[in-house]
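Got some structures for you, see below.
Same chain, two partners: chain A is paired with chain B first, then with chain C.
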Partner chain A sequence: MEKIISDVKIKVELVFSHYTKYIGKNLILDDISLTLQSGHIYGLKGRNGSGKTMLMRAACGLIYPTSGSVCLDGKYLGKDISFPKSAGVLIENPAFLPNETGLQNLMDLASLKKEADLETVKQAIREVGLDPDDRRKYRKYSLGMKQRLGIAAVFMEHPDLIILDEPTNALDESGITLLKPLLERERERGALILLSCHDTEDLYALADQIILIESGKIVKQVQTKGEDSHAADFQTGNETGF
Partner chain B sequence: MIRYLLIGDLKNGIGKRIGYLIPAVFFGFYGAMILVLQGAGSETVTFPAAIFECFQGMHILNTIEEVYSAPPFFILLHTWLAFAVSAYIYRDLKERGKVVFIRCRSRISWWVSKSVWIVGFVFAYYLTIWISAFITVSVTGEGSFSLSEAWWNGYCMAEGNLPGQMEIVLYFLIVPFVTSTALAMMQMFLSVWLSPIAGIVGQVFILLLSLCYCTVWLPGNYLMLRRSDIYTAQGIPPLPALLIDLGIFLAGLIGGMAVLRRKDIL
Partner chain C sequence: MRQIFRLEMKRVFSSKEFWLVLGVGLLFILAHLFGKEGILADSEFNRSIEGVNGIEPHSVWYSWLGLSPGTENYLYFSLAPLLAAIPYAASGWKDIKSGYQKQMVMRVPRKTYFLAKYAAVFLSGGIVITVPLLLDFLLCHCFLPAYRPLAAYGLSIVTDAVGSELFYTHPYLYVFLFLFFIDFLFGGAYACLGLSATYLLENSVLIQFFPYIVQTILVFLCDLCPFPVWPFLVNKMNPYQPYAESVGAEHYLIHLLLFIGVSFAVYLRRGKYREIYR
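Here is the complex of A and B:
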């Protein structure tokens, strides 16, 4: 696995530089400096309200910094570009049109970029364990099915930047099992993946590197896969409440 | 990109929101039926007369106390439109819209698409009222596009001359539609700037203030045919009304672009 990752040509580099965000008087993100690169899966870990989701919003251009910047491939988000050119994002809960089927919903979204045709969209739906020919409307879907469709929407166009906020929410064991090979495939393709997950075990299984956030500040970065020394770092983190 | 956004907004924001237009069927029907229930002759039950019933609003007040008799039908017709506009913007911005935002990669394109949608949605709302009123007057009366002098100067107590066809189109159809579109645009701007609730409150506030004060600077007056210069000499002429509507629409369009350019999408 290490060999494959190291051979990937880097396509995306996301650089946070002293990124600080206030909402009202609340400090949400505190002087974040971080470089994320293609071909890696970064897992965000932290308590509720620690700033994980906000960091993800910042990474995809949904929020603006109070000070500092976030730069994608040399282009400043919010200045040079509004949003990343190629991004698949699932933040909080998946949101689709309730009166359309899963396939119709994804085709609607795919029509905006014209990067995925019908067969590609159907394949993405199959990959998350759903039936693309299911005639049920989205509103009839269970929570787990909705989450799976949200994940399919993220992966269907094979974006360079993938952001998944709590993707394992509402997923059963088979759903989590399906997610891992999808993430690995995209990583091997060279995508930069940023995900958060409240379950440490799942996060450890899915991510190459874990970023611990507390009160909007990055307190630790730990390698979870690869060399022993990095794994030891993780163990150390675990012992201190990580 | 903007083309696909537009198709999506027209399909999802109008085509799949037919339910929001159902009250408009009732409003058109009510406008025509009220004439029948008042015992008007068949020559009086015409399309413009039905539209007058829908959009007559309230005469110019002599004392502020009179506002307590504000016409509920007028309020209902316009606040329902405000609600329908707000519901779409709220859901789109807070839910699926985030994904669409990122995919279209342009905040401005998203806003332009919404601005076209608002024109389309308000037109669909008015068209539904017009069609409903026309069908009802066709069944119950003559279904003609003219007004009877006896009704205009008698029952309506209008001071002005009987409007001709062009004046009916301008005063009865175009001015209310353009005004509603401009106010809806302003509401949409307030929705993205502050909140959807602020958008509705702003819209209702202007309508209520317009009931109290007849001035060209309060566009709610243009929605009331009893406040037009075709009805009364103190009424508001259509040209300044349309120009102010255009100004409001453009201010909403440009203001929305400016706000969205720096807005945090939470």
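Here is the complex of A and C:
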């Protein structure tokens, strides 16, 4: 039942083609053309309301374009498929059933795709620093614990596409420290990871490419790791608006 | 589909609202059995001597909550649209507001999620309406005999009511068919009518009241029409059929198909193409 994590890396390609989104008369995403590939962690950076979360929603088919398209491995979201077949998504707040424990909640979700068995789910909970045998109901969890459980739900099925909107929200230092190896493991496996983070330092530490977004438009892509790294410029705030 | 339906049903049975409405149903049963005018208010001896209007001995067929015209009967069937919608009709709205819908649709196709939700809401409405009636029927059998009713005395449903022939020849069959094909289906249909208001209303309580509001508006509109169908609209789930003179089986069918068709189309169609922000 558990998804086999083999040596063969998965290949995922997410292509935005002239993606434009209006809500009413407000331009939310402006002619986004972007190609994201597996085995990378892309960090979205921008001010509040710049369109980061909307871009993430667009990436997993939660919203539809006014014009343009999103294509995942040659299949158009909203036309060929309604959502990516294998995706782990945490956008805004994690949402679970308040009267169930963390383990029960994740088992409920895991039962839908049958890609994670009990031991895998327990392992995912341990990896985010929670106790799978904790008998407290979700409603009794602290904000940080809720966030950790949300992250565990994203990783438990080892999805090909991982989307994390502000995953470090409400997390303490130890939580952020736990997140990094998880992301790196999934990247090594070949997953495509798209994340946003309000803290530049955390984003720099987690992502290997940063996408700057302003007023719904991509203004720059910056390599933060490897030979072409422009991280120094980015961190010192030399990029537009930072 | 099976997995998500199973999860939805688990959520139905673990919701407080579901048990609350069954509790209300239990209160109706207690009032009907032991209340001031309840069937056990007098001693069984006196009742059996007096019989029904001094003609026929008391029996289950004159005393069951579904067949004894009285306050409990009137209130139960008048409030049925509300009772059916309380347990789970607002769950679609709650899933959207909490963001739980996102968790589901990322793991199963949208259509599957909406179908499973619709089916679970339908069953929840059907169950909470039918179970108290069934329980009351069984309890009545503990206290009263079940002599076959006689049409000649005219003490129960009128002879031109839908299924009256069946009632006077095979009363058990009539009761079970009415329970499972009228009360269960209309209970489910009312709950789904509430579900269809998910995209219309911005409050879970209003969604739960929506079927009752719709029924009230329909009654008001029908009252203005020359054809007096409003008693049917209020009492269609009542096995006693106090409106029987003016309706036939086709009224049930049209009414049911209209409720199910509209709620199904509105909920699934709007849900399928709706953007998910939370």
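Simple rule for what comes next: the second predicted complex is superposed on the first by the 217 of 242 C-alpha atoms of A that agree within 3 Å, B and C clash if a C-alpha of one lies under 4 Å from a C-alpha of the other, contacts with A are read in each partner's own complex, and residues count from 1 in each chain.
In this section, a residue touches a chain if its C-beta (ideal position, glycine included) is under 8 Å from a C-beta of that chain, and two chains touch if they have at least 3 such contacts.
Since the model is a prediction, treat every value here as computed from it, not as a measurement.
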When chain B and chain C are modelled together on chain A, clash or fit: clash
Partner chain in contact with A:Leu72 - chain B first, chain C second, else both or neither: neither
First (chain B), second (chain C), both or neither touched by A:Leu62: both
Touching both chain C and chain B, counted on chain A across the two superposed complexes: 57, 60, 62-64, 82-83, 87, 89, 91, 95-97, 99, 108-109, 111-114, 153
Residue ranges of chain A in contact with chain B within the complex: 23, 57, 60-64, 81-85, 87, 89, 91, 95-97, 99, 108-109, 111-114, 153
Interface residues, chain A side, partner chain C - complex: 57, 60, 62-64, 82-83, 87-89, 91-97, 99, 108-109, 111-114, 153
Residues of chain B touching chain A in the complex: 1, 4-5, 7-8, 12, 16, 95-96, 98-107, 262, 264-266
Interfacial residue positions of chain C with respect to chain A in the complex: 3-4, 6-7, 10-11, 14, 98-100, 102-111, 275-278
